[in-house]
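Below, each structure is written out as structure tokens.
Both complexes shown next keep chain A, but they swap its partner, so chain B is in the first and chain C is in the second.
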Partner chain A sequence: MAHFTKATSVKDWLNQRLAIDTIEKVMGSEYWIPKNINFLWAMGMVLVITFVLLLVSGIFLLMYYQPNIETAFYSVNFTIMRDVDFGWLWRHVHGVAASVVFLIIYIHMFTGIYYGSYKKGREMIWISGMLLFVAFSAEAFSGYMLPWGQMSYWAGMVITNLFSGGSLHADGLVEWIRGDYVPAQAFLTRFFMLHVLLIPLAILGLIALHFGSLRIPHVNNQDGEEIDFEKESKRYLNGDKAGSKVMRFANDFMSKDMMVVGVYLIFFFYLVFYNYGFAMDPVNFDPADGLKTPAHIYPEWYFLWSYEILRPFSVDIGLIAFGFAQVIFVLLPFLDRSPNTVAANRRGLFRIWFWMMLINMIILTAMGKLPPSGIYSTIGFFAAILFIAQWIALPFITMFEKKV
Partner chain B sequence: MKNKEPLILAVVVVFSLITYYLVEPFAHHVLHKHVESEGFVYADLPALTKTGNVANGKELVMGAGACTGCHAVEAVGMPAAMEPQMAAASYGVNPPDLSNAGAIYDAKFLADLIKNPAHALKVAHKFDATKGQAHPMAPFSGAGGDIEQEVADMVAYLQSIAIKPEAVTPKIAFENACGRCHALSYEKWTQLGEKPSFKYKKDALAFDIKVLEYEDSLKAYMGKLPPDLSMYIRSRGEHFISTLIENPQNQLEGTAMPRVGVTAQTAEKVIEYLEDAGDTKRHEREEIGKNVMIYIVIFAIFALLWKKQVWKELH
Partner chain C sequence: MENNGRRGFMGKAFGAVAAVGAVGSLVAMKKSWDPLPSVKAAGFTTLDMTIYEENQLVTEKWRGKPIFVLKKTAEMVAKQTEKQKARDIIIGGSHYMVSIGLCTHLGCIPAYNATEQGFLCACHGGQFDFSGDVTKVPPPRGFDIPPFKIDGTKLVLGEAGPEYTKMKETGITL
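On to the complex of A and B.
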């Protein structure tokens, strides 16, 4: 058993029992971050803040929401939006944060791709990040079911139908997922459970894994420089703060994080109060009606690109393409054969690959919302083919990349 | 090294805005048909050529015009002949009380409605008398004199008994123009009127049964039950509702919903009522929004100053 002495202060008392000094060092003051990074490196903190906003607003909403197909719509649109003081505020924060969190996730992802932050020991950062993306997607989808509006119901119908596997006709699987032949009470209750318990637990675990996976390889930097963290941190601690290539996480990097968070929150609350329409689809303000299919069924904007990869093909090929799109990003560290961990603008063909991928995903996103006919259908078809072709080409174009 | 952050920020902002433009304004432009407002002028209806005489109008409305056979005029002590659910069983929908019709509806519309209901209401596709599908409201074919003069007299009379147009509240506008077909449960409105609070459950149930009976007749008359409008201001938006009220056929071709024929002023009141039902916290949102923005800007300034202070030693 450890030896305990009479504590000289509250801090000392805690220190003897919880080693808070060590924890503070490991998590903050001696967690070393390279200095040559830009504001895109603050997206992790922006995501943490957004997740906290979702969690807190979600807790408040949970106090009034009723997971019952007869009362769910009413509890959201009357009780929360009208009756409860500031219920509308929590709902707007929750709805807008659920949409904006994906914008930040995409920025965070493309930052990682651009700077090669998934290579040379950082593979697990990328993989855990992609698992988080999957968990957030499931969280967003299950949450979208809860107001039990028209889009909740019909998006639930369409997406669960995907599990029938086209020609496989696995209708039994679809019924098992829904707990009924169509989305009904069993469906709503289980998606409620997933949304407020199981998936948030998974997200919390994955966030811990994602942070943990950063410890050994350290954060990447914008010049692809291999930094000797041991040496540079000693230099910092010896007083040469300006000369060292690294800085403390807290408060050095944290202060910059908070600056970016400040700017982000201005943008965020502008959306919450003045421009929330994009995050709260008008169609979902009609109560669910199984006898009335909406003219256009589309997912929220952040799922549109993968929805568009599903749509332009025949059922079976579409499902295969969709499955491909869902898993292929996870494999990025293994498909990129280049030895270079540097920004894409120094990587020859990969530079073109990166910008084409980004633009193509925006095209897919735009086409995913439009009706699948005429010119939009054709554009969507070629964009989907290009998306798949780019991933198939990736190992070949990176294999012959020159070492920089 | 040159600071690349402004360039990076510009790239992030531009790509985000392009995506936003494509999935929001552009997609909605493609998905939804755009209907321009006609300003509630009802250009297809003939203008009134005669000046109405109130006294003659009264005699026509109460007598030869036979309006009061079906319509109540509570303002002059003429009650409804039947309870609403009974009236709906006879006519499909409860004929409106005419007390405030002169303030709610456009004069040209009223005149055309009296002469040819299916035409004024734009439901000729549903009610074609030559095929034996007569509109439940019988057209007025004249009381022996100049029909234009007689119609003008009736309109003048209805205007004379109505409240002043500026006294039409959002609630009065909604109840007259929409409330006999559409429920608005978030304001306790049913097609029979506001649901009172009952002391005994059996009275509440008896009321509900009357509503259900009314809705059954309405469903048979309209083809489907007209929707509850509680959240319509959020699900359809002001522009859609306004242009739909003006001419339902412009937005939903072939719909059984009649043209309501309200004045521009009444339409605005209806919109206001729907906002009061479905977007009750809009004023609070504006006010709190302003305060939160001020708070966050101050937070951001402090965060910036903190960063500058911490980073002074790092360069």
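On to the complex of A and C.
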């Protein structure tokens, strides 16, 4: 048994039993972050804060929400919105955060792509991050079912039908997922379970993996420089703070991180209080009706780009293109054949590839929102083809990249 | 270590027990997600076919799904191609289009335009003619026809009669 001495303070008492000093060092004051970074490195913390906002607002919504097809709509739109004091606040925080979290995820992703933060030992950071993206997508979709409005119902119908696999006609699988021939009570209750328990558990596990995957390769920096963290941290601890290339996670980096978080929270609550409408589709304020499709069904903005890749093709090719778009980002570390871990602006053709990909995804998003006819249909078709072509071209253009 | 053989045996024995348990629980989990018997036993819908007006789309309900019923005008019947005619259900001398009113692409409900005599799906732009056959992608095929049985002037949905079986065999519906 370990030897315990009479504690000199509460801290010492805890320290002997839980080694809180060591924990503090490992997690904070001796977790080293490069200095050569910018505000885009704060997106991870912004995401953590947004996730906490979702969790807290979700807990309050859970106290009044009723997962029943007869009462779900009214428990949200009447009980929570009108009866519960500040119920509207939790709902608008939850709805706005669910939308904004994807904006930050996309910024976080494209920052990683731009600076090559998925290469040379950082592959697991990228892969666990993409798994988190998938889990967040499932969480967003399952949550979207719960108010049981027209968009909930029809999005549920369309998305579950994707699992019939086009010409495979796996209708049995679709009915198994729904627990009925159409979305009904069994469907609502199981998506409720997924939304409040199973997927959040998966997300928590994946967040732990994502953070863990950072420890060995460390955070990337603006120049992709390979920093000797051992040496630089010694230099810092020996007093040469200015000369060292690294700083402490807490409080050095955290102070700047939380500064960005502060600016973000002002923007976030501006949306919650004054501009929440974008996260509340008007069509979803009609109760679900299985015999009436809304005139124009579209997903939330963050799914539009992949939806637009599905839309212009016949059903089988569309599904294959859609599946391709869903998984291809995960493979980025292996499709990029270049040895350079530097910002995209120093990588020749990859620089063009990066900006084309970013702009094309914005175009796909815009076209996905517009009705599928005429010129929009044509633009969407070519944008979808370009998206696929860019990914096929990626290994070739990076293979011949010069070493920087 | 000399006891490695025993430990190996214990590990394998546990592995065998765990594997049986894992398979068993997977079966239970799969079955728990299945539609309930009450859902599966959803009854039959009987339609009185004499009440419909020509070229007016009526939406009925069968197993939670919308069913399109369209009584064709004489002019429609006259201009039909063989392929369109094959989808007709003929009751008391009148021709009807009866089908599951869900787009065969991803299951939205297309809208009927009586002047253009066709359907348009707002979700992804698919189009169907008045017989329910597809005229513009992405839907891969015309509307599916529900199992039906003709009973005098009535139509029973959910039961496969000889006319339906023939349609199924000739590949007109899935």
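Operating definition for what follows: the second predicted complex is superposed on the first by the 404 of 404 C-alpha atoms of A that agree within 3 Å, B and C clash if a C-alpha of one lies under 4 Å from a C-alpha of the other, contacts with A are read in each partner's own complex, and residues count from 1 in each chain.
In the analysis below, contacts are C-beta pairs under 8 Å (C-beta built on N, C-alpha and C of every residue); 3 or more make two chains touch, one makes a residue touch a chain.
The shown structure was predicted, so the numbers you read here are calculated from the model rather than taken from an experiment.
Chemist: Considering only touches as defined above, state whether A:82 meets chain B (first), chain C (second), both or neither.
Modeler: first
Chemist: With the two structures laid over each other on chain A, which partner does A:181 touch: chain B (first), chain C (second), both, or neither?
Modeler: second
Chemist: Considering only the touch criterion stated at the top, classify A:259 as touching first (chain B), second (chain C), both, or neither.
Modeler: first
Chemist: Can A:167 be said to touch chain B (first), chain C (second), both, or neither?
Modeler: So A:167 only meets chain C here.
Chemist: Check whether A:190 is in contact with chain B, with chain C, with both or with neither, and answer first, second, both or neither.
Modeler: Second partner only.
Chemist: Determine, for the superposed model, which of the two partners chain B and chain C contacts more residues of chain A.
Modeler: In the superposed model, B touches more residues of chain A.
Chemist: After the superposition on A, what does A:202 contact: first (chain B), second (chain C), both or neither?
Modeler: Once the two structures are laid over each other on A, A:202 reaches no partner at all.
Chemist: For A:296, using the defined touch cut-off, is the partner it touches chain B, chain C, both, or neither? Pick first, second, both or neither.
Modeler: In the superposition, A:296 contacts both chain B and chain C.
Chemist: Just to be sure I read the superposition right, which of the two partners does A:134 touch: chain B = first, chain C = second, or both, or neither?
Modeler: After superposition on chain A, A:134 lies in contact with neither partner.
Chemist: Quick one: classify A:242 as touching chain B (first), chain C (second), both or neither.
Modeler: So A:242 only meets chain B here.
Chemist: Following superposition on chain A, which residues of chain A contact chain B and also contact chain C?
Modeler: Looking at chain A, the two contact sets intersect at 295-296, 371.
Chemist: Considering the complex alone, what residue numbers of chain C touch chain A?
Modeler: Interface residues on chain C, with respect to chain A: 30, 33-36, 39, 42, 59, 61, 63-66, 104-111, 122-125, 137-140, 174.
Chemist: Along chain A, where are the residues that touch chain C in the complex?
Modeler: Listed in rising order, the residues of chain A that touch chain C are 154, 157-158, 161-162, 166-167, 169, 175-182, 184, 186, 190, 290-297, 310-311, 313-316, 318, 371-373, 377.
Chemist: Where on chain B does chain A make contact in their complex?
Modeler: 4-5, 8-9, 12, 15-16, 18-20, 22-24, 26-27, 30-31, 186, 227, 230-232, 234-237, 278, 280-281, 284-286, 288-289, 292-293, 296-297, 299-304, 306-307, 309-311, 313-315
Chemist: Using the touch definition up top, name the residues of chain A that touch chain B in the complex.
Modeler: Touching chain B: residues 35, 38-40, 77-78, 81-82, 88-89, 92, 103, 107, 241-242, 247, 251-252, 255-256, 258-259, 261-263, 265-266, 269-270, 272-274, 277-278, 280, 282-287, 295-296, 301, 304, 358, 362, 365-366, 369-371, 376 of chain A.
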